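Each chain carries a letter (A, B, C, D and E) given by its place in the written order, and its residues are counted from 1.
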Amino acid sequence: GSDQDQQTESDEEKGELQEELKVASWSQHITEQTNLLVDEEKSFFREQGIDLTVIPGQGGGDAIKNILTGKADVAFTDPGSLFFALDKGEDLRVIYNIYPQNVFNVVALKESGITKPADLKGKKIGVYSLSSGTRQNLLILLNQVGLTEDDVDIVETGLLNFAPLMQGKVDATAATDTGLFIGKQKSLGEVNVMEVKDHLNFPSDLFVVTEDVFQQKKGQLQKFLTGYRNSAAWMMKSPEEAAKLAQEYTTDGKDIENNMEIIKLRNKSSVSSLTEKKGLGTIDTEKLQRAADTYKQLDLIDKSLNMEEVVNTELLPAK
Amino acid sequence: MKYVRIYSFLLFGFLLVTWEFIAGFMSELVLPAPSVVVFTLWDGLRTGYLLPHIWRTTTEVLLGLAYGGGLGFILGLLMGENEFLRRLFYPYVIASQAVPKLALAPLFVLWFDFGITSKVVITALICFFPLLENTATAIQYIDPKKMELFKVLQATRLQTLIRLKIPTGLPSILAGVRVAVVLAVVGAVVGEFIGASEGLGAMIIASQGMMDTPLMFAILIVLTLMGMILYQTVHLIEKLLLKHYKEDGL
Amino acid sequence: MKYVRIYSFLLFGFLLVTWEFIAGFMSELVLPAPSVVVFTLWDGLRTGYLLPHIWRTTTEVLLGLAYGGGLGFILGLLMGENEFLRRLFYPYVIASQAVPKLALAPLFVLWFDFGITSKVVITALICFFPLLENTATAIQYIDPKKMELFKVLQATRLQTLIRLKIPTGLPSILAGVRVAVVLAVVGAVVGEFIGASEGLGAMIIASQGMMDTPLMFAILIVLTLMGMILYQTVHLIEKLLLKHYKEDGL
Amino acid sequence: MSYLTVDHVSYSYEGIENVVQDVEWKIPKGEFHCLVGKSGCGKSTLLKMVAGLLKPNRGEVYLADQKVVEPSAETGYVFQSPTLLEWKSVLENVLLPISLKKKTSKQDYDDALSLLNIIGLKRYADTYPSNLSGGQQSRVAIARALIRKPTMLFLDEPFAALDAITREGLQEDLLKICKTYQTTVLFITHDIAEAIYLSDRVAVMEKGKIIYNLKVDLKKPRTVEMRYKPYFNEMGLKLRKALKGGL
Amino acid sequence: MSYLTVDHVSYSYEGIENVVQDVEWKIPKGEFHCLVGKSGCGKSTLLKMVAGLLKPNRGEVYLADQKVVEPSAETGYVFQSPTLLEWKSVLENVLLPISLKKKTSKQDYDDALSLLNIIGLKRYADTYPSNLSGGQQSRVAIARALIRKPTMLFLDEPFAALDAITREGLQEDLLKICKTYQTTVLFITHDIAEAIYLSDRVAVMEKGKIIYNLKVDLKKPRTVEMRYKPYFNEMGLKLRKALKGGL
């Protein structure tokens, strides 16, 4: 309908062919994804001939469902959700490593004396919700020191997860780097932080596509990845500008100072020694494999997954 | 009318078949086939896996209904009777309804606890409004002749309420109860979305986290059945109470 | 009655002061003081930060109300009139209500889209039930003498419905509308929880993500006001329509 | 040839048998028949059946040779209780039968006002029923039955709530209207004098059966003097006797 | 000494002025007074005011020397329309006034049944009001007003829906009951003969004013023959004249 008309109109203006591409995100439009959201302003994707739409969602599962039903072409999702979908027999491809660093952590108040994962035994630990990455990563952390879900008391706290911690209603809470930053802003006080990446560092988010889309839209996907890489590079180079744009283009980017810090954190998690070498987005298949094996070990999934078959690097432009 | 069962059955069958058919084209993650869902449900019941959750949610629904329904009815009576109270407190009643409980849920957990209380409070808060509104409305529109009768018989205000206004308003009040019982189920589940590790709402979240859509649908079926059983119970009670009200002359 | 405004004001003031007082002992994260909340709200309005979200949610609420209310009213009429339809479709109506909409989110996005449609559908789905239930109930309990009158005047079924049953059932139907408008606000917000980047529901999620409780409260206040304005509008319409119904003889 | 033919009808309510038993009745076109009988004997039930509101268990009813299965457009009916719509003004209530058939015209409006004038309620046209006295309400119900100028009128104690003077005035008006439009009338009353004064024929009902049937041989138009004639008294006594318990 | 004293009362409804105008009335203990008047003249309004249901705009009402501000436990009231509770059986409807005051006893129950017997509805005790004929319903309303053995009775056309025979029977019963319990009665009727037969005094109302007041000098207890005495006819004519339009 009218979308189409507008489309052709702007095509004519630009005098080049714009191809539509939809990315389904695990979240709403948030500051840490500013680079994905500012195409109107910065044209990272339009320069590549891609007309990008970002579809919001609630959780990595939504992102995957959206590509499975054809509502979107690319999913911006976490490895956990990828594993679950693969476990259910879906045919998916990983094409880009958005955040090679694991951003999850477990936070305890300084006075609690909890400093290492083993101290968590028998404690009450908060997670965002039973479907959240905080829970899965907490399990992984516990697993690394030989603990299971039964050794601790996991409670859901909702997004305000630091409030119960401050009130002493929980002994520790599972969170992410950005969550912890915001918590500290809200006078969380002195805390001990146990980073999951110190125990099992696997990527936090990936671009995932279905096999069908992968086969049919290779060219477009390639352009998209180039665009994304450029946008990520831009966000690293000029976080101030990104922080400012976030105010307009995101739902939560109210405060420019905070935006700046969050963007810096994400910039940090976008790089690893591997990406330094081979360029942004390079997929660390081995680490993904270890993560998948851990999920299997934790009984979160039934099948043994082979990441070699899932990961595809051919679309990623060389550095 | 006697064929309604047959048509009902046919319609149900048709819907099931359509669903099964459509599901054939879709990923199980998005729309599992009814056969798969029923199997999952059966499995969950057989192994007893679902039972504690069903039990927990049922408890919350019933407690929430008792408190919320009771409160809604009593407040409805007070506010229907007394314009002063109505004007004084109605803004707060509406506020309590217009606020999405899901947003308050994290705070409820902080204000109350992680246990059953916060869920019962949410359930009660959600289901008290239809009863309040219907009760308050019903007892305001009473045949003035009957009001005169009770006045001439020196009925006290309470007697007029209990012996005239409530009986006359019963159909409308019960319509409110029917809305309330169905909302109560939603209320309990929404309450369990946050801060629970047991109950069908928590199960939904967990199943979503694991992308186990068949399990989620199985739970939704349990919830639907729960709502229907509650609704039918009210319907039966109504049939008994309103034998002499049925006024449809057609 | 004329002092009700004063009391109302006093009560409001008292509640505010209490809240401010209690908030003094609490982290802003758990319970922000009203002064802080009002400042945040004012700031959000002044800078225009909240306006597009308010606009978006209002649109969804109004559209959802129009569709859901219309559907509920019409289905209520059909099901109140026709026992066959009632028995055939009621199970599905209840099912649609007992299922938590939040859980069905992915399906909604699949069937409709991630834009405004899915939120309008959810809003409509949530607010159609009270209207359906109240309408169906109201038009079933009609004075048999009036039914006889319309029969003797050879009124068609449709005329009897429009000229007798609906006018008689109006108080109860409007009670349903009042419940519906308030639920509509909740519906739109829940719809926006699913996956939206605009609207007050999305803002709530974002504010929680930012742990910005004052902002969340400011949004809840906006939502409350929205519910109250809608409720009051219905109330005004009711006053106009029901001038000759007011039967309270006290 | 009779206009209304009641052919051996019977009726039972659920649980109450033989409320009307095997009633036969013929009313020729333009005639005015009355039905009297003790309270609860089945008069209203018979009237509803004849008008097509209730379906006889046995027997049939014909109006102008058409079998009656539902109320017809030719009939006007006044119920035992006024049954007005509270949310409509008096005028709107009177116009209701017309407005259910078509858009009301200026003519209908004038007709309604002139009927309101006859029943003495013209100045209450814009009042709402709940502000009327009992007798005023029943008069509105009468006007409502007449507005469509029916060829067949069924009236169930229409004047019961009226004082002697108003009642007599309306009796005259009713007779005049019926004469003008050749209306056939079946009229239930508790007032024996009223029955004699108005009718060509009076029937007495007891326990669902017509037990007595009296032809009234008085000239038309009736005059007030007739009421005090011995023949009138005689008829009255006959009817009283029949009413009191068989012949 | 009068039992009921109506002291120059007036009443206006919103928008309708002077529905009752400056009415004065005294009813001595045990007397039976009737009020007649054209439809809409203000009878029901006056009765409601006297019973304490409406507050006079001017003037006052005293019952047994107590100022009437609200209905008292001493009074029974029959409304112009029966107004029964549809969800209660006939027996429960009759017992309503008692059950509002206390737990009903076996005695009350027997009283109710014997009243139902008097009004001829004993076998309908367990029926619901919607299954009764119009006249049957109004009889239930009468029984309901009598169940508490009031010392003061207000009746608003209680017999309007009844046939002559049933009506006469109930007139006798009413007179008997009133005599037994020394009940004071204010009775509205449209039937002039009924007014004369029942009352010690008949008042005629017009446009809210009492324009005529007639003492009935007939022996008590009344007998059927009295109805046909010339004195009876004479009274009737006087009242008719008053009703018809002033004296």
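Definition applied: contacts are C-beta pairs under 8 Å (C-beta built on N, C-alpha and C of every residue); 3 or more make two chains touch, one makes a residue touch a chain.
Since the model is a prediction, treat every value here as computed from it, not as a measurement.
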Exercise for the section: From chain C, count the fewest steps through touching chains until chain E is reached. Expected result: 2
Practice task
Between B-E and A-C, flag the pair that has more C-beta pairs in contact.
Solution key: A-C
Problem - For chain D paired with chain E, centre-to-centre distance based on mean C-alpha positions, whole Å - result: 27
Handout entry: Centre-to-centre distance between chain C and chain A (centres being mean Cα positions), rounded to whole Å
Key = 36
Practice task
Would you mind pulling out the distance in Å between where the CA atoms of chain A average out and where those of chain E do?
Solution key: 86
Problem - Distance from chain D to chain C - Cα centre to Cα centre, in angstrom - result: 50
Fill in the blank from the handout: Residues of chain C that touch at least two other chains are 30, 106, 110, 143-144, 148, 151, 193, 208, 245
Completion exercise
Touching at least 2 other chains, the residues of chain E are 81, 130
Problem - Overlap residues in chain A, where contacts from two or more other chains coincide - result: 61, 65, 69, 158-160, 163, 167
Problem - Chain-chain contacts as defined at top - result: A-B, A-C, B-C, B-E, C-D, D-E
Problem - Parts of chain E lying in touch with chain B, wherever the complex brings them together - result: 48, 51, 53, 70-73, 75, 77, 79, 81, 83, 85-87, 96-97, 100, 128, 130
Exercise for the section: Spell out the part of chain A that touches chain B in their complex, as residue ranges. Expected result: 59, 61, 64-65, 68-69, 81, 84-85, 88-90, 129-132, 135-136, 154-160, 163-164, 167, 169, 300
Practice task
Would you pull the chain B residues touching chain A in the complex into a rising list?
Solution key: 26-30, 105-107, 109-110, 114, 193-197, 202, 205-206, 208-212
Practice task
Sort out for me which residues of chain D touch chain E in the complex.
Solution key: 13, 15-16, 36-40, 43-44, 80-81, 131-136, 139, 156-157, 160-167, 190-192, 240, 243-244
Handout entry: chain B residues touching chain E - in the complex, by the definition given at the top
Key = 143, 145-146, 148-155, 159, 163-164, 167, 244-245
